[in-house]
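In the two complexes below, subunit A is the common chain; its partner is subunit B in one and subunit C in the other.
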Partner chain A sequence: MSKYETILSQLKDVAANPKKAMDDYKAETGKGAIGILPLYAPEELVHATGYLPMGIWGGQKTITKARTYLPAFACSIMQQVMELQCEGAYDELAAVLISVPCDTLKCLSQKWKGTSPVIVFTHPQNRGLEAANKFLVEEYKIVKRKLEEIVGEPITNAAIEASIKVYNENRAVMREFVKVAADYPQIIDPVARHAVFKSRMFMEKSKHTALVKELIEEIKAMPVEPWTGKKVVVTGILVEPNELLDIFKENGIAIVADDLAQESRQIRIDVLDGEEAPLYRLAKVWQRMYGCSVATDTKKYRGKMLLDMVEQTGADAIVVAMMKFCDPEEWDYPVMYRQFEEKGVKNIMIEVDQEATAFEQVRTRLQSFVEMM
Partner chain B sequence: MYTMGIDVGSASSKVVILENGVNVVAAEVIQVGTGSSGPQRALEKAFEVSGLKMEDMTKIVATGYGRFALKEADKQVSEISCHAKGIFFLVPEARTIIDIGGQDAKAIRLDNKGFVKQFFMNDKCAAGTGRFLDVMARVLEITLDDMAEYDSRATEIASISSTCTVFAESEVISQLSKGVSKENIIAGVHQSVASKACGLAYRGGLEDAVVMTGGVAKNAGVVRAISRELNREVIVAPNPQTTGALGAALFAYEEAKR
Partner chain C sequence: MFETTGKKAKELLAYYQAKLDEEAREAKKNGKLVCWSASVAPSEFCVTMDIAMVYPETHAAGIGARKGALDLLEVADRKGYSLDCCSYGRVNMGYMELLKEEAITGKTPETLANSPAARVPLPDLVITCNNICNTLLKWYENLAVELDIPCIVIDVPFNHTMPIPEYAKEYIADQFRNAIAQLEVICGKPFDYKKFKEVREQTQRSVAQWNRIAALSHYKPSPLNCFDLFNYMALIVCARSRDYAEITFRRFADEIEENLKNGVYAFKGAEKTRITWEGIAVWPYLGHTFKSLKGLGSIMTGSAYPGLWNLSYDANDESLHGMAEAYTRIYINTCLENKVNVLLDIVNGGQCDGVAYHLNRSCKLMSFLNVETAEIIKEKTGKPYVSFDGDQTDPRNFAPAQFDTRVQALAEMMEQQIAGEAE
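Now for the complex of A and B:
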């Protein structure tokens, strides 16, 4: 096995076994882990405690217990999270951090069935105002105080600054990885690409950065081969399970850029350097966020952003991975669709349901789409 | 030169044998689909009718849900592309195709060269598909083939408001218990199918000629309901169940000529 294959295999293992990643971290550091629900959170604050921030983005369970608490039209991530909560999957976490940018998250945050303490905070939606930053700073102060109570130690400004550096570096390296993955689709197929992103949710970020840096170096040492298949930009919340990504691979589709909430939206905005206090700079990230369905955007920039991504990457088309029953994403779709059509950019919507076990409809859609192109 | 297209659907298996990319020498349908004896029986029937055998086929293209399970096929092409190909061959003025099969419904937009410009499919839901009609026919104790005739005798269209097959079934039962005639209920069932299919067609933008294909196109009641909903003429493809297989046979011919 070559070095890059070894690194990819390591990252795939982490992505597939978050529990083991958490147990290893606990054994190594003596500290615990704190869960973080979609979509955005000041993860740097958690990192600054020395605890491991663990992304909680659902799973691939058959939904039974969650039906007691959620209606059938709650998105599949929330169904999965509820199911896993009911099974006690998150009970080893020292705390769970929940932001509430959509109705389902708001409701879920109020009926957490696990035993871990829950820290809920709100992103202001009138984001353009300076008052929004001030509001979010106050929210983050509450988050910080609660974290301190849970871990039993103060979170110093110096620790937050150090974590900001770690996260900014990880985001920069991941943005570089996205470009490398686009240049080497024969090596970084859609499943491997997703694993590199997903593993960052379960690893201490400086360790993840080091591995991805090494991976990039190894891959860049190889020649760039021409890609005979199609290239796409993918947008949505996430593309899982891996069987769905396998269909991209089967049809010779390379993902050359993404706007997935679980992937590139997490690395889009860095925390700026500056004289302001770290909590204020962390809060400003939300104001500077763009192209996301849960962050109010009266200019509807997301479609244009995706069209720019198509131009920059030379992609053939856009794939909208629609999270089933995600109304923020569904509201964005007609606007984006019109923008794509006006520019004559080929596009298709596929439905994402984490509980799915049969993928024939998506297979037909993607195969037809490739034939159409 | 003979080429074959085989469309292994969810509810039926269809085979078309084409001579020199022009003449249809066999177009056979068996009313069971993927995972059943349907594909094999459809092949046998097509060979029996044409007097040809497997070795005579220069190329075979498979389409439909069971396209990857057919070992005889040289290539698999999606049913969207195959229906577009088959319809354009039969009706060159077609620009919008509404295809309703056993478990899915599709609206396909074509350009003037017959290439697919855009398409929309139903999500994982039986409403508005052939399966929906199957369920309703069973509840109403009539055969699928009789539905169009009942529809033609309807005096008004009963309201079947639900878009869910299971709930619509209970609505039909409720209408029956209220004494609404089967004719009017069936017209309502057809209207419900039309609403779903037309919703897909509207998303891609409508352009004449609108052609309907797939097994459900054999039901004149659904065709009338779609025509009424779209407020335009709807052409029914000749032998609508086999247009996908015809398209596959045409792709096979193109493949053979390469």
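Now for the complex of A and C:
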């Protein structure tokens, strides 16, 4: 096994076994873990406590227990999170951090069935205003205070600044990784690409950064080969399970850039340096966020952003990975679709359901889409 | 000039509803501004600026009630709107697309010509507020972009902890001031602060009369069936900052009080059970749901939905913090504990014997906490409940037979309980 293969396999293991990643972290540091629900949270604050921030983005369970608490028209990811809550999968977490940028999350934040304490905060949506930054700072102060109560010690500004550095570096390295993955699709296939992103949700970020840096170095030492398949930009909440990504691979489709909430949206915005206090600079990240369905934008820049991404990457098409029953994404779609069509950019929508076990429909659709290209 | 004296509340309601649409059409014709607004977005600013207002949710509900939703839903469907999106929103996007087509081509599309929808003009600006859902942010983003018009956003952050903190009120009040600045630019004239105060006072008078009506369902037997509130709601949405709402509601409250005095009740003495209806009406089946309950002798004396417009605040408060609080404290914009307390007051205030929960395919925010809400309310009151599947304006998501079976079961449980208490 070459070095890059060893690193990829390591990251794939973490992505596939979050529980083990958490247990290892606990054994190593003597500290616990704190869950972070989609979509955005000031994870740096959690990191500054020394606890491990663990992403909670669903799973691949058959939904049974969750049916009692959620009707069938709740999004696939929250059905999964509810099912896992009911099973006690998150009970070892010292706390769970929930933001409420959509109606489903507002409700979910009020009905956690696990035993961990829940910390809820609200993102302001009139994001252009300075008043919104001030509001979010107050919300973050509450989050910080509650985290301090849970971990039993204060979170110092010095610790937050150190965590901001760690996170900014990780985001920068991941942005570089996205480019490398686009240049080397023979090496970084869609499943591997996803694993590199997913593992960052379950690893202490500086460790993740170190591994990805090494991975990038190894790959870049190899020659860039021409890609005979197709290249796409993927947009949506996430593309899971791996069986879905395998279909991309089977059909010679390389993901050259993504706008997935679970992936590149998480690394889009850095915390700026500056004289202001760290909580204010963390709050400003939300103001500077763009191209996401849960971050209000009355100009709807997302479609244009995706078209720009197509141009920059030389992609052949856009794949809209529609999370089942996610209405913020569903509301964005008609406008984006019109914009893609007007520009003559090929596009296709596929449905993402984490519970799915049969993928024939998506397989057929992607196959004929590739043939059409 | 319309003479209001001697008119029944029902006549006033019909008159003013039609008048509001007419005013909007006239405004458009005369080159004045028209604004489409979310139903619980602050109306005070646009009314101060003399902008004609249209309320897409009320408009869509009217289309649903007139059995005209399906044609417009199909238009939205063709544009790529998923069936999962709110049906009010889809009906409105469908309607907007037809108006747009008409404006571009000069020809009225057949679907529009044949629609039972009240004719309203395209907007020059839109204003939205997320106090009743974040869908209203997405929907209005789309309106603004598809029509290339300004969008005023009043964001009232979800109140995960009660009471509402000062910093939230400050943020909302800042947005009010920002909306004023936006309107000054859009209208090309300075904001009239003296009129703004009068409009706030008018809004408070309308809200006071609205609350006066709602409180009349507390009497047992009740002189008011809250189904009537679903009808009168059009004016608390569309005209609360005008005297139209106040005049109509005062008349209606007077009529009910007169009835009460004379021993005239909504069910003419045949009120067997009293229910709270939690959720939005099923507009395409309003008649069916009303008759079905009436057939069981079950009267609706509680509904939290009309209470969304209990927007009372101190009109003299120039900091606008009181107004900010009124617009953000809507029960579905608050934590479960507060939501339950509001509903509990409705159930107790209406002396209800049970609750029917509308699991609304169009409204995630008003559905995903139903299980928890129902269990807590049951635990606190001991009153039975049922849940039924429905949709506010997509007729395909409601099955009359299921509704009937569920409310029959509720009626039986309520009657049993009442009989048990009597023994």
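By definition in this document, the second predicted complex is superposed on the first by the 373 of 373 C-alpha atoms of A that agree within 3 Å, B and C clash if a C-alpha of one lies under 4 Å from a C-alpha of the other, contacts with A are read in each partner's own complex, and residues count from 1 in each chain.
The definition used in the following text is that a contact is a pair of C-beta atoms (placed from the backbone, for glycine too) under 8 Å apart; a residue touches a chain by one contact, two chains touch by 3 or more.
Quick caveat, the model's predicted, so the values are computed rather than measured.
Contacts of A:Gln361 after superposition on the shared chain: subunit B is touched, whereas subunit C is not. By the touch criterion stated above, A:Pro328 is placed in contact with subunit C alone, subunit B being left untouched. When the two structures are aligned on the shared chain, A:Glu371 is found in touch with subunit B, with no touch to subunit C.
By the touch criterion defined above, A:Ser76 lies against neither subunit B nor subunit C after alignment on the C-alpha atoms of chain A. For subunit A, the partner that touches more of its residues is C, with subunit B and subunit C as the two candidates. In the superposition on chain A, A:Ser163 contacts neither subunit B nor subunit C. Contacts of A:Val100 after superposition on the shared chain: subunit C is touched, whereas subunit B is not. Of the two partner chains placed by superposition, A:Gln85 touches none, neither subunit B nor subunit C. In the superposition on chain A, no subunit A position is in contact with subunit B in one complex as well as with subunit C in the other. Residue ranges of subunit C in contact with subunit A, taken from their complex: 79-82, 84-86, 89, 93, 130, 133-135, 137-142, 144-146, 150-151, 153-155, 157-161, 165, 167-168, 170-171, 174-175, 178, 335-336, 339, 359, 361, 364-365, 367-369, 371-372. Interface of subunit A with subunit C (complex): residues 68-71, 73-74, 100-104, 106-111, 120-126, 129, 131-132, 134-135, 138-139, 142, 293-294, 296-300, 322, 325, 327-328, 330-335, 337-338. Across the complex, subunit A meets subunit B through its residues 351, 353, 360-361, 364-365, 367-368, 371-372.
Across the interface of their complex, subunit A is touched by residues 65, 76-81, 104, 115-119, 121, 123-124 of subunit B.
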